[in-house]
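Presented below are the structures under discussion, each in the form of structure tokens.
Two complexes, one shared chain (chain A), two partners (chain B, chain C).
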Partner chain A sequence: MYFPPGKVILTLVVMVAVAAGYIGVQRAQFAATPPPDLHFLVFSRAHYERYRAVLPEFEAEEGVRVHMTLLNWNSLRNRLQAIRIAGLPMPDLVEFERSQFGALVRGPLDLVPFEPLNERLEATGLIDQFAPGRLELWTRAGRHFGVPKDVHPVMLAYRRDILAELGIDPAELTTWERFVAVAREKIVADLTGNGIIDRYAIDMSLTGNPELTQILIAQRGIDLFDARGRPLMHNADLADLIVWYHEQTTGANRISFPAGWGQNLAQALTSDLVVFIMVPDWRTRQIEMDMPGMAGKFGLMALPAWEEGGGRTSTFGGTGMFISRQSENPEMAWRLAEFLALDETLLESSFRRTNIIPPFAGAWDLPVFDQVNAFWQEPLGRRFIEVAGDVPVIHPSPFYGLALDRIANVLARLRRHARHLDAEARFDFVMEELGVIQSDIEQLIERDRFLSEEERL
Partner chain B sequence: MNLLHVALLLLLAILMGLVLAGRATAAANLARRSVLIIVSCLILSPFVWLVFATFKDPSVLNEYVFLPPFAEWSAETINLSNLRTLLAPQETVHGTYSFFLYIFNSVFLATAQTLLQVTFCSMAGFAFAVYSFRGRQALFLLVLGSMMIPPILLLAPVYRMVVNFGWMDTYFALLVPGAVGAYGIFLYRQAMMRVPKELFDAARIDGASELRIWYEIALPLVRPITGAFCLVVFLNAWNSFIAPNVFLQSTYKMPLPVILQHFVGQYENQYGVFLAGTFLAILPPACLFFYLQREFILGLTSGGVKE
Partner chain C sequence: MNGALTRHFSPAWFFLLPTIAVMGTFLFYPVILAGVMAFQQSSGALAVEWIGWENFQFVLSDPLFYRAARNTLIFAAFSIFLQLPLSLGLAMLLNAKGDRTKGFFRLIIFSPFLVGPIFVGILFAVLFTPRFGMINRFLQYLTGWGLEVNWLSNPAFVLPAIILTALWMYVGFNMIYFLAALQSVSQDLMDAARVDGAGPWQRFLHVTVPAIKPVAVFVVIMSTIGSFQLFELPFALLQGTGGPDNAGLTLVMYLYNHAFVSGDLGLGAAVGWILAMAIFTISMVQIKVSKGGDH
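Let's look at the complex of A and B:
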């Protein structure tokens, strides 16, 4: 057969025809689907699957049809920002992660694409039921834009068998000072005598992975921004923490190994290279899935405090639900948000699937949280609930991610210059660097012409 | 650094030394081949890792970097569990789908995108190469200039257009904005400029229309370029991630890269299933490449010799 454009094009034409035929036949079953009453965007497969199980109940009760779309969280951010910039209607209900909040609620307050929920939260009494600090995560200039979905308290997971073998009682590791001393004395070791350290105490990123450093920053009671969004980075506590972090991650006395994520982390934990790891509730589930062979070998303890009697937990991550300001049916969107946030069956199944505890103190009495988890061999929910009330407050900012990245840069610069600096000079060096960051971010904020009066510097 | 590291580095240094010496001896040949084998192993190792991960049971996925020791091979450690999970009918709010639907969605989008680009880029390239008209140079510079705009900058305006045209959640949103590209126009223009104009004139004298000249004279003469261009466009469209995520809403319309990302997320990761899906996703373009490799390579090497 003569086909002038050639064999490649002919092959592609055949492929497109076959694919179109298959897709056409498969899709015929969805042709008559009526348009939805509510459009709901989610980014977590775990959430999607649980919601899918209970949505028919809501749809039947309310007589509506809900169209739920699952997107990867990066894609969700891209789509929401495109919608925002193009000035187009948001889906009625959206779930997104806390790192995206600051950027999505920038600009004039009355143009924020989400409805402030203050009145609804007050009317239903929900406003007093959240764990401390969770509403602040989704608040700008006093407007609560999101319904918190979680608390994500952080604890330390440790290799129970290794600590027992070394005669270390985790209950004695009450402060980071004590932790570091025990780590240097008993845990960090060259077991084969070849000059290479075979066992480190804790997983800490060498480059100051912002996700992990922010756990320690928040636990130390350092808020990078205040409630009005003003930066608080030129801060002696933060400088002290950065110098401490540097000492634990660099040089001959370091106690940490950068184990990373996924298979690298699993290898580090299963091969006894790392003994402790900081885990929010959701990460315990990842450990269960990634290292099923380690069941029974991990224990959980509260984070060591920065000083005796200090806070023993932090927070890592967070999801909120938001109602679009342009929703044609905001009442129904609110009812759906309420249903998904408060339905006890859903809260229980959510915990079973993700190990995530809910943010409502009223729900913490559900029996599911007292059940012993087969992998951890302890009542995982109760352990996290015990510290959930102490989760530090973090105020959001569009510049939060930038601030953490810049702090990681300070850590890198300190690593480069540290050999020429004594302890005091290192602190001064970091303070100076933090001053620069503070000033840079203040300038960026000053350029924002749409800040309300109360948010001005 | 242990003894094995030192030995390997020493071996590598000796082999490199022999290669650099460039002596056409048997030893140098052996050295060259050894280096090539080592480098090939390094390059192929991620792919091998992917294949092994596909067939490892999730319970041992992270326990062994590659495969478990031979003594531990059993149906419990090496099996098709990841593929089974992946290919099992998936329940969504719209109904239950087979994973093959996503594969065919990707095949459709990638091939349709490629065909559209070849059609319109070759037409535009033909016009720029063959016709003389006022403003040709300026227009061509404008086309080339458009390559300097980062695609992500166009996301918001294109999104607005797509919404205004009513194309949200349809394949038009992906196919129409990507139907023509400056790179393709440039490639075809350069290729068609090398075709003797006398051929087109002869066709005109024989009564051929301009469309027929493009289809029956110009396109066959630039086939090698078409092969290479198809490869580039097909792979780009096959791996496209952001646009489908932004413009499509119904799960059953999503292509493979988007669906695969659902298996790794914020709260839980099914790495085994994700890697099995990645393995399957590699197969169609790989098969296409092997089937058409002569045409593709001809395109990639055309112009390599100075005339």
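Let's look at the complex of A and C:
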């Protein structure tokens, strides 16, 4: 066959024609399928699988079709940011993680891409059913944008066998002061006499892994931002906590080892290097999966309080469900959100699969939470529910992650200067550093021209 | 009219059109848009305000920006003055004649590049673990010190850890460029220099270096650009943070934090433009300096 421009060009033309034909056929097939009534984006595979099991029931009841898409955590964040930036329609219902909230609801309040749910929550009475503080996690300027999916109370998991061997009763570790004293006296030890410590009391990141530090910050009753989003970091309690954290993670008297995550953590726990670890409900499931051979060796206790009678829990992580402001069917999206949040079968299967307790106090009576967990050998759900009512309130901010990073940096700087400072000077040093963080974050907030009047500094 | 059109319309434009369309849509338009955004504060498509140079003023007065710039520059310097000489050295070793194993070693040294920075970052985060990490255990075994070193928690060790990781990952990649350049060095010139009594060092300096210079300049510029764009490796290694006391914060991580974590795209765009200008200036200087010796 003769083709004047040559065989290469002919090949290219054929390839383009084939590709165009394929796309055309795909488009035709896509156009022939009726569009779903609701689009739903999720990032957790565990959620996706359980929702998929119950969605047909919802679809049959309501006579609608729901298209659910699973995206990786980062992909979901990028997708939502891109949608927000470009002003494209947001899917009707979206689930995302706590750290993304602040950035996604920035801007003028009336242009936040999610519907405020205050009226719906009040009309259904749900507003009074959540564990304390869970709605605040998804609230900006009084508008509740998200339906909480969890509470994530934090407890201490400990090596039951080691404590028994050392004659330590976990019930006596009621305060951190007592905990540190017992750790120094009985737990931290160089067992082989080679100058290397073989057993530490607790897993704590050396530089204050932001999330782990946040557990202690919240438990101490310190909120880094108030309800209006104003920073509260220049705070004597926080400075005191940072100095305390430094003492437990650095120097000859330290009681902690930075065990990290995943396999490193598993190795530290299984090799008896670390005895205690802070666990929100979801992390207990990770321990079960990473260390199946340790069944029966772990126990759970409430966090030691900062002062006698003080709060014995904290919170770590969180997921919420959001209805798009542009949804063509917000009523149906709300019904789906309600169904996914309240369906008892779903709550039970969710707990069995993830150990995560729901945020609705009304659901805490379900029998599944009283069942003894084979790995922990105690009713895991009930143990977390016992402390869920005391979970501290955390107010969100687009700068929450930045604030935690900066606090971790204060720890790093304190470590560098600590040897030249006595206890009082360390406190002053930290206070000064916290003042700088506060001022820097205030500056970032002041730059925001889209804040409502009530949010202005 | 038709004649003029035909006269000016070359078939070349027809073939260039797809490239121009793709480049225009995915390169030029975003670059221009980023330029516009750098002078705006925006929150979604509907909330946009012109704020002039305010984003640039904020960035240039932020100590954290200078911290990120300092870290990036140190990393770039190590890339050029440590990584590239090592790559060249390895390339020269593997360019030796008659060694049947060199194909195997080329593959081994190049292979870290194939797995990607995220995987390498995660891998090294495990290797650098105190007490259990292979690097710490190896150091302890070798020197009696190092078991408890917190590479990624001690500000003094964070940048060396990133540099070491990048070295492992990229040294083989740059080696391939040098290897290709070395294989094009004229053997006749080498032989002539040898006959003239030039020793190995003189042959390297006066024959090899001039012959591989164009490739070397290219590799230096690409390494510099790559170093300024460093993001995934420290991001994975430091679990999405800038490390203790921001010792591992790079310019692109600084940009990412403002643009995507805190959601201030205008600020991110301003950082992007400053970064682009810095890369452009440094690359121009490198090209100029490298041309300086050509006579």
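Keep in mind that, in the parts below, the second predicted complex is superposed on the first by the 423 of 457 C-alpha atoms of A that agree within 3 Å, B and C clash if a C-alpha of one lies under 4 Å from a C-alpha of the other, contacts with A are read in each partner's own complex, and residues count from 1 in each chain.
Here, a residue touches a chain if its C-beta (ideal position, glycine included) is under 8 Å from a C-beta of that chain, and two chains touch if they have at least 3 such contacts.
Note that the coordinates shown come from a computational prediction; the quantities given were computed from them, not determined experimentally.
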Under the stated touch criterion, which partner chain does A:15 make contact with: chain B (first), chain C (second), both, or neither?
first
Is chain A touched at more residues by chain B or by chain C?
B
Of the two partner chains, chain B (first) and chain C (second), which one does A:35 touch, if any: first, second, both, or neither?
neither
Would you check which partner chain A:205 touches, where first means chain B only, second means chain C only, and both and neither mean what they say?
second
Name the contact category of A:257: first (chain B only), second (chain C only), both, or neither.
second
So, A:416: does it touch chain B (first), chain C (second), both, or neither?
second
Look at A:193 in the shared chain and tell me whether it touches chain B only, chain C only, both, or neither; answer first, second, both or neither.
neither
Of the partners chain B and chain C, which touch A:290 in the superposed model: first, second, both, neither?
first
Using the touch definition from the top, say if A:398 reaches chain B (first), chain C (second), both or neither.
second
Is A:367 touching anything from chain B or chain C once the two structures are fitted on A? First, second, both or neither.
neither
Give me the intersection of chain A's contacts with chain B and its contacts with chain C, in residue numbers.
78, 81, 85-87, 196, 263, 267
Quick one: in the complex, what on chain C touches chain A?
41-47, 49, 51, 54, 58, 126, 129-132, 147-148, 150, 153-155, 239, 241-247, 257, 260-265
Chain B touches which residues of chain A in the complex?
4-9, 11-13, 15-16, 18-20, 22-23, 26-27, 29-30, 33, 39, 43-47, 52, 55, 66-73, 75-76, 78-79, 81-83, 85-88, 97, 194, 196, 262-263, 266-267, 270, 282, 285-286, 289-293, 317, 319, 353-354, 356
Any idea which chain B residues touch chain A in the complex?
2, 58-63, 65, 91-95, 97-98, 100-101, 104-105, 107-108, 111-112, 114-115, 118, 155-157, 159-160, 163, 215-216, 219-220, 223, 226-227, 230, 234, 241-242, 245-246, 249-252, 258, 261-263, 265-271, 288, 291-292, 295-296
Touching residues (chain side chain A, partner chain C) in the complex:
77-78, 81, 84-87, 102-104, 106-108, 111, 113, 196, 205-207, 209-210, 257-258, 260, 263-264, 267-268, 273, 398-399, 401-402, 405, 408-409, 411-413, 416, 443-444, 447-450
